[in-house]
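After this come two complexes, each holding chain A, first together with chain B and then together with chain C.
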Partner chain A sequence: MGVNKAALRKSNRPAKDDRFLISFVKLFLAEPGCKASQGWVVSRLPLYMAPLFLLFLAPTLLTACGDNAINSSGSPLALRKPYEDKVLRINLGTEPPGLDWHTSTDSTSFDVVSNLMVGLTQYTNDLEVKPSCAASWDVLDGGRRYLFHLRDGVTWTDGKPVTAYDFEFAWRRLLKPETAAQYAFFLYDIEGARDFNTGKIRDFSKVGLKAIDAKTFEVKLSKPAAYFIYLTAFCPTFPQRKDIVEQFGDRWTEPEHLVTNGPFKLAKWQHEYKIELDANEKFFEGRPALSKIKMFMVPEASTAFALYENNELDFVDNRSFSTPDVERYRSSPEYRNFPLLRAYYLAFNVSKKPFDDVRVRKAFAMAINRNVFPKILRRGERPTNSWIPPALGGDGCGLSFDVAAARRLLSEAGFPGGKGFPETKLLYPNREDVRLVVEATQDELKRNLGVKIDLVNQEWKVYLATTRKDPPQMFRDSWGADFPDPETFMNLFTTFNGNNHTRWHSQDYDNLIEQAEGEQDKEKRKALYQKADVMLCRDAVPIVPAYLATQNIMVKPWVKGIAVNPLDFQFFKTVEVGESNK
Partner chain B sequence: MFSLIIRRILMSIPVLLIVASLTFALVRIVPGGPFDSEKSLPPEIVANLNAKYHLDKPVHEQYFLYIGRLCRGDLGVSYKYVNRTVNDILFDAFPVSCQLGIVALGLAVIFGVPLGAIAALNRGKRQDVLAMFLSTMGVSLPGFVIGAVLIYVFAIKLRILPVGLWESPWHVILPAVTLAFSPGAYLARLTRASVLEVVEKDWVRTARSKGLSEEKTIVRHILRNSLMPVVTVLGPLTAIVITGSFVVEYIFAIPGMGRFFITAVMNRDYDLILGTTMVFAVLLIVANMFVDIVYQWLDPRLRME
Partner chain C sequence: MTAANRSPWQRLLKIPTAVLGLAVIAAICLVALLSAFGVELTPFAYDQTSSDYLAAPSWLHPMGTDELGRDLLARIIYGARLSIAIGLTTALTAFLIGSVYGAIAGFSSPKVDALMMRGVDIAYSLPDLLVMILIGVVMGRGTFGILIALGLVSWMGTARLVRSQFLTLKNEEFIEAAYAQGQSNLNVILKHLLPNALGPIIVALTFTVPSAILSESTLSFIGLGLSPPACSWGTLASDGWRSLRAHPHLIFFPSLFIFITVLSFNFLGDGLRDALDPRTRLGKGK
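Up next is the complex of A and B:
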């Protein structure tokens, strides 16, 4: 059998290496050498177990005598100064998918980019656009041609001036098929841009974009588009440096390579953890008041909020709030609430029975009391029945809550008191707040119309695929504005918009929108959009607008100048942190 | 010994290939793709994206491309985190998880194994009841409850430890304890069962009757022999703990790799899903190989082969 007798013998001999273990075991024996049954002394066990005991018992004891004192103890953490001078500490929630403003599309990335960069124009917090890299611009040829005149003295962080060539390079890169930029379509109104992006033309000189000289940038549109100027304040259209992008390839956005022109510069990027921005002394509007911004990525809201309460974050928003936290702080001076241009709605698939009948859709729209949504979500949401938000000129033209009229319409459609109403599914993505909304909707419809609908939830990406391919009769959806103009909302329900999942289309509606896009007169434009809104929310009713979201923020008393833009951009260039503001 | 290691390495190649193929198939069967988002894109843009990431090619071509890259140690690129490769992402995140995992595993072994041994050697007494109560709690309480309680007590009420983040050694304590609870409790139960079995054995009676001191009996004849099942589970347990935990990283805001097991799937970040799976598979195989080596040290009978 080939027994290794030596090895066997060796293992039976007392090995030197277990002396340590033997002495360790002795610790637990009251009198070394006595029987196990007596030796393992009870009194030693709590000693050894003390840390574990503490972990379990402490919470019970503390909650028993617990109170709401948030700043009660005098431990070292509490003694520390609660803030760092001229440093703003915030929570991004998650890792920005990328800081290349051509390929990223999400609000987290833009939160960082919009403090690193400025474009031709920039937004104020009142949704106006004001000059930035461009000192002025001319709108020529009935809104088809834009000439931007660049400001002197705007420089990159490495000292080189920002020129029209940087814009030309950037917009060309945004449109190049190889870049595969998701937001390239924002430039589709430019002559030849769509064909260049799809590879139909390879000759860039056929695209209506040109740096005439270092200070003049020309853009030609294929049709007048009144909202075009807003796009020049939007992250994907910010300039880029040809030499940097080409030299460093995929790594050009890392802090050691990135060159920017905004109020801050990227100092450090610890992926999935923290981004640090330092003040840019060369910023053309002057050095910002902050010397540093620390952007942490704390995904769990309760942890982020605990960090805020422990003075380890100076500013938190929706990402760092649970609803009970909002309730608890609603009356605190640290709490504020801003309306956002983000609308939530219920949609019908009008190709499926019984929602091919407009009377059923109208009945549903009138049977849902939108005032329940802010009551259950409790973040100051604004109920709405029209699709254009009030901030962009919406006037509440949609169908309002009217149970009697809703019941009448439903019985006209052949379902008196909800009798004989076919099985109806309402699809929603798997998220807590959305679940609350659809449950409230289900409840309203049951109570007011006697109709029972079934709720179906799907994981986010599955839900997206379903709404795109074959949505059930009803689904919930949402839309956030890309720019502060009714166009961003109203274009959604045109026939060829990829985000119109309702299967509803109307030539009249499409015509109205196209007419509004080209209209230069502000008032006339507004009237056209309002007419389309009536068609959408009163006559055809493929959707039931529900409510507009808000941004809830908490700011520590030593921070001054925080404001939230309705597009949910947070600009920190005017923010101050320090003693004087206390 | 060497032949064992070489045999194990050779055996792992087909295993890894199967893991890669199955995962590859599964991620592509799941509905929804990496570029689906709330705002759907014009078809032209989707075509550009698919071309950039070779998703426009037939699936079998994508598969061979993937396996080819895998053989060269290239795990691909992330679709969600543009400009970052999967190798970059895991290279940043794994050391963090590993660091935290090793501390947690140490805690689990140091507390769990003796706890189980104490319980078994005092079967039916107060120590046993207490130890088993603790380990039942440890096994059944989910990480997010333990973590939340620990944060509430030590960070918010007592203010002696940080709430979260990953800045100093102090920041390791709470997450490591949270992470250690479940494996520690599991090890305790396992050790108890194993010790209970071993104390009945003839050789223990022999050791005692030949006059060996109690502690020597315990260390040399009881503990050593009852460690086999513990070592067996320690292998896979190590692989699991050092690749991070989604829950612990999430609630303590730690930049580890555990989160990618969940978020990569949610984002349909195909290469990142495959990358995390492959890294986990390799670690599991290596850990099991170590277990086999430790077996030989613990059990002389295995050395005969």
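Up next is the complex of A and C:
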């Protein structure tokens, strides 16, 4: 055995050396093997880099060249297709922490779940809500009561029909204090739901949700909530099977147990390596065009991108791009860029000096030129000074860049020209793009206000814990929308929201938000949110909105139907992969 | 004048590579010192951003600019301060702790020696990163913490080296001769043992310098080293390697300077060994 292996290695060696040579020649001199369409991939390196490359970096670049002549097994690629028919290969980035859609809170888990499951309603890619498990619904009592009528012929993967009882069980489980679901607040608009979730009442019959019969599901809200219907399209409100969850306990999401109702079903879960989804033939909208999705878990962006260039992935997004390489992929025809409803902001801890003084906060907000962020990050980010994104009706009501006014305010607050300004720390998570943003901010503040702030970075989980427990005077944070409504952004800074780390609270603001939540008239509702936005970004300024992020994707030419929406949900049921699409 | 009569210094100046190394190190140290005393060597400050993002090398920015439009030359000059300071201080700390510890172990009775060397074994088996993180947590962020942390994880090699040199040397005839003359233990150590052991030690120290420069970038990466916008060659290189293909100047120049410095230290180390080695000094005369 050992002898055989050694012989095998030996015979392989010349081929490897060839690869190296060809790649090397391509990188520095010409690109004889690469197709014209892939010329962008191998941007030529200056010749002075050659010795450095040879010494240290040759191994990492070998796989990265769009190598057409030879693939990794050494056989000519012409004999093989660069893709697998009807199979989509993507990168999840990391192992999903769990596939239980009640306890998951991260986008990796939701990317898997939203292709396995459908809820009462579902999003189109324009973020309209359309019927799904529910064929229709009635809104009664001035928006206080919803009656969902379930569709016939929607079944679970084991053949049983999806009933209203599955929804009742699932929503009850989401609200049960023992489940400890972070997304339980999603249902807080339902009568008694908050009290049941916080343990104030034990009797579930007091909670306003009920399966009237197998086909009718009734929900009573404590007050009208215009955005309620959106919630029924998002993972935490998807139905669950009582018998499965109770029989298998914590292991019910494993492939051999999991029962779902969406376009795909979980076929394989090789932890820390790959998840495979197979088409669900029984899906009520019909079988999806793909027969399989392979979701790999490649955490290192440059590795994942090399896999894409090597035709081993068909679709990559932000998770597989590293910031410094933007220029390399931006010129490709396979590249696309979409705005997201994800906002980045700088926050003040208003309980700490000197940021208990609103003049200081305002001065900081006016001294930061947000227009530099897109230039640094280079992915089409949109600078913003209001908290409601323009796509949801935000109108840029916040404080804008005005150095003179900022200086005036700072000297009014007792720090003329930044003199005597106390030591200030800005906390940020240890990530490349975030570091650039906070460094730029630091320099803006130094140049425009004469204030020197210290940057403190922490590893992601430590950072999350610090912002929750005791954040320093300033920190960088972000928020992604859960549904396409201003509510998801504005609710964040109410007194009771667990994600409001600024220590700022205002009864007036809370009242405004509550009023807006219940308002049925669209224009009035919009005006209420805008009033709250002015309070947040112009008057009280506990935060400085900075920019809205974008999603960047690259799709191979043989893939059709990939769409990205501003909520960053990735639905693959209409995607096609194959010869005809090339 | 014969070779034997020359001072080590004169002998060093006869070795061209050593002179070259010394000159380069002196130049880099001078630049670092000047910048530390506030002399502006470039028209830009190291933390001054501009709208000239990621510019390739040009007359205005001889080494180009980074993602925030900061002049890379200014940042490399600023980074030299810290990298050189860290390299030299770490080597010095390693030398002081290591040679005192090693000398005592090598010179004492076998029992004390065994005990002390088990101490070194224990210190060696602690993971460097863990020790540095602990020290970082205790000392807080900042240059001083980095210096202490790096010094404390790099003395063990020197200690072993000094001990082994002492063990071989202490049975040599010239040591016996020194004792026969009635010289004290301390005198024997300082005048006879240490100078004879110095060659290998210095060579080893010249390797401590570059490894310290590189370790510092690891510390910065896990968030215990420098806080931005301060930079060192290590952080510049670790930030720059990601842009290798799109913006190679960001990795090329910091690594070039690390490379030149490391090479110079090695040249100088080689030269010093030749110049200080008593055997080559005496050998020529006989």
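One rule holds in what follows: the second predicted complex is superposed on the first by the 499 of 582 C-alpha atoms of A that agree within 3 Å, B and C clash if a C-alpha of one lies under 4 Å from a C-alpha of the other, contacts with A are read in each partner's own complex, and residues count from 1 in each chain.
One rule holds in what follows: contacts are C-beta pairs under 8 Å (C-beta built on N, C-alpha and C of every residue); 3 or more make two chains touch, one makes a residue touch a chain.
If you're wondering where the values come from, they're calculated on a predicted model, not measured in any experiment.
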Contact breadth on chain A, by residue count: chain C or chain B: B
Which of chain B and chain C A:430 touches, first, second, both or neither: second
First, second, both or neither for A:375, with chain B first and chain C second: second
Chain B versus chain C as contact partner of A:140, first or second or both or neither: neither
Contacts of A:459 with chain B and chain C, given as first, second, both or neither: both
First (chain B), second (chain C), both or neither touched by A:212: neither
Touched partner set for A:180, first chain B, second chain C, both or neither: first
Touched partner set for A:442, first chain B, second chain C, both or neither: second
A:326 touches, of chain B and chain C: first, second, both or neither? second
First (chain B), second (chain C), both or neither touched by A:306: first
Common ground on chain A, meaning residues reached by chain C in one complex and by chain B in the other: 45, 48-49, 52, 302, 459
Residue ranges of chain B touching chain A (in the complex, touch as defined): 30-33, 35-45, 47-49, 51-53, 80-84, 89, 92-93, 111, 114-115, 118, 121-122, 125-127, 130, 134, 137, 148-160, 162-166, 177, 213-220, 223-224, 250-256, 259, 266-268, 300, 303-304
Touch list for chain C against partner chain A, complex: 47-49, 51, 53, 67-68, 141, 222-223, 227-229, 239, 242-248, 250-252, 255
Contact footprint of chain C on chain A as seen in their complex: 43, 45-46, 48-49, 52, 57, 61, 302, 322-328, 372, 375-376, 378, 430, 432, 435-436, 438-440, 442-444, 446, 454-459
Chain A - residues contacting chain B, complex: 1-4, 7-8, 11, 14, 18, 21-22, 25-26, 28-29, 32-36, 39-40, 42, 45, 48-49, 52, 55-56, 58-59, 62, 66, 70, 73, 75-78, 95, 97-98, 100, 103-105, 177-182, 184-185, 188, 194, 197-198, 250-253, 270-273, 296-300, 302-304, 306-307, 309-310, 312, 459-462, 464-466, 468, 478-480, 498-499
